[in-house]
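The structure under discussion appears below in the form of structure tokens.
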Amino acid sequence: MERPLRLVTANPLDQLARTLEALLVVAGAPLPLEELVAAADDDGERVEMALGLLSERYREGRSGIVLEQVAGGWAFRASRDAAVACGRLFERPVQRGLSQASLETLAIVAYLGPVTRPEIARIRGVAADSAVAGLVERGLISEAGRDDGVGGAVKYRTTPMFERVFGLESLSQLPRLDDLAGDVDDLRERLHAVAEQRTA
Amino acid sequence: MERPLRLVTANPLDQLARTLEALLVVAGAPLPLEELVAAADDDGERVEMALGLLSERYREGRSGIVLEQVAGGWAFRASRDAAVACGRLFERPVQRGLSQASLETLAIVAYLGPVTRPEIARIRGVAADSAVAGLVERGLISEAGRDDGVGGAVKYRTTPMFERVFGLESLSQLPRLDDLAGDVDDLRERLHAVAEQRTA
Amino acid sequence: MIVRELELDLDAFEGPFDLLLTLVLKEELDLADVDVAGIVVRFLERLGEREELDLDACGEFLVLVAALLELKARGLFEDEAAELADLEPEEAAEELARRLAEYRRMKEAGGWLAERLAEERDRFFRIGPAPLAPQPERKLAPQEPEQLAEVIRLLAKEPPAVSLSHMALRFPPVSQFVERFRALLSRRSRFDFDAELGGLSRVEQAVAFLALLELRRADEITISQAAPFAPIRVARVGEESAAADERTLAWNARSA
């Protein structure tokens, strides 16, 4: 491992290589050569040489970090030796329940959907952006057109995955809320009225 | 740079260190020691020793990649030397300074959280709605249930992102606020004087 | 200097003071968002720019700002304003000092965070997953549909009527004092109203006074007072209280 490193130390490319390391460790997607050149504010050929040095330093069997050239550009990845350990890291335990914010948002979408984010926020009394995004990411809700056609707020409804997780054959199997309201419109009205009182 | 590396090569910890490198380079957030131990499927003490070696290898001024302890875990980041280059390519989560209102609100959530919007307003003497919404959007604070569990006001706490952005290992690294005790006494005396005049 | 033309540059509002007042009165601007301290500082700056002290301007400003503050306090802390009003002056001062100190600490902490943020400006890190990392799958255990109904019921529940319990605490029933005074007069032929009220809140004292009037109306007691603000003596009917020659506890400012 020593020789190339000694080379780098003596090499004026060393500083540039470090800058590239830094850029690559922050990047969320592979970085094309041009972007690396522009960000490092250096010469294209020198950047390629520095990448060559780094490919040598970060190569399979030598480091846990491997520099790889893929279709979109250059990126760090985990070494193959560490594949099992990485598998353990990304293997998430089955989550037992949802957070209060997610549950409230999901319940509103299930009972009132399709429903827009602003309406969810009005009923809950807080912005719904992150809760909605989280539920979309989990595949429990999805977009269902826009309010008043094009240009309106995006509406959301629950997904088949939601029905699977909650053990429902369809939304009509949701627990009834007869004690609260006759139909969806009643329920909607009631939720809005209470939300207004809460903020007042 | 060579000596510690040679040590590592001769060291049985080398393989473990490489595994940790791999885990850290693919992780989406700082990894707590326990998670590293579980994923590497190794002994806690050995993992700590390997992290010590890696801290030395990936330290400021030596590599473009820096290993740091932040937000309750271990994470790679770019070296500070490469900040200008990084700035050309990436945005920090808090690119510009936060407004006075946001900073005070953030301080209240960090020190007193989980805390509700009305509680924040009560301390600041100004409604906190837009400051809270802005901080949620930046991912610095997030919902943490409702007051009294049920229909109460939504509570907020700071996120791991907050600790990362501010470079804190944990919230306990926030400075203690007892230094202002003298001030309090002074205020109290002045208000007592006013109160006495009022009664007289 | 014309106070109403004072130019303001606040987070929530930019323009002359007069316009701010207009917007607030028309309820087009929420006073809760207005930094009143910022207005005061601006006024003091303008005042400082002048050689002479403009007493008229100061007077007008004081009146306007006091009104603004009162409006804002009422809007922000309906319950608390009442709580503070119930406190003794020393307690209110203590409570205010505590709150001001808390706010100062948070302001200080906000300043620390600002410095820290500036120091950490050159720390870059990746947000989110790595480019070539495996996509973790988030699995959710089977859930009970009843949870959804429960959550909707909570969201549809009228906010708890907190104020009622407060009222009960703050306004003890008149009957409570009627009974108390009757019991007292069954043991003693007369008592000193003020001495009986030691340790009660102002509201409770008021309720006790109502109880006294109630008993008087029912002709169960006689009430006498030697002079305005002198101690109130209460006696069973038929046993006039000859208060003049007795030494009693002084009527203190609290019960006034």
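All chains are identified by letter, namely A, B and C, in their written order; residue positions are counted from 1 within each chain.
By definition in this document, a contact is a pair of C-beta atoms (placed from the backbone, for glycine too) under 8 Å apart; a residue touches a chain by one contact, two chains touch by 3 or more.
Since this is a predicted model, take the numbers as computed values, not measurements.
Peer 1: Whose C-alpha centre lies nearest the centre of all protein C-alpha atoms?
Peer 2: Answer for the innermost chain: B.
Peer 1: So which chain is the furthest away from chain C, centre to centre on CA atoms?
Peer 2: The most remote chain is A.
Peer 1: Quick check: how many Å separate the C-alpha centres of chain B and chain C?
Peer 2: So the centroids are 35 Å from each other.
Peer 1: Centroid of chain A to centroid of chain B, CA atoms only: how many Å?
Peer 2: Centre separation, chain A to chain B: 20 Å.
Peer 1: Could you give the separation in Å between the centres of chain A and chain C, each centre being the mean of its C-alpha atoms?
Peer 2: The separation of the two C-alpha centroids amounts to 45 Å.
Peer 1: I need the residues of chain C touching at least two other chains; which ones are they?
Peer 2: 124-130, 132-134, 155, 157, 159 - these are the residues of chain C that touch more than one other chain.
Peer 1: What are the residue numbers in chain A that touch two or more other chains?
Peer 2: 22, 25-27, 76-78, 86, 90, 124, 198
Peer 1: Please name which positions on chain A make contact with chain C in the complex.
Peer 2: 22, 25-30, 68, 70, 75-78, 86-87, 90-92, 94-98, 103-104, 106-108, 110-111, 123-124, 137-138, 140, 165-168, 173-177, 179-181, 187, 190-191, 194-195, 197-198
Peer 1: Inside the complex, what are the residues of chain C that reach chain B?
Peer 2: Residues of chain C touching chain B: 11, 30, 32-35, 72, 76-77, 80, 89-90, 92-94, 96-114, 116-130, 132-134, 154-155, 157, 159-160, 253.
Peer 1: Spell out the residues on chain B that touch chain A in their complex, using ranges where they run on.
Peer 2: Result: residues 1-2, 5-6, 9, 15, 17-23, 25-27, 31, 35, 38-41, 63-65, 76-79, 81-82, 85-86, 88-90, 133, 136-137, 142-143, 145-146, 151, 153-154 of chain B touch chain A.
Peer 1: Help me check something: in the complex, which residues belonging to chain C touch chain A?
Peer 2: Within the complex, chain C touches chain A at residues 124-149, 151-153, 155-159.
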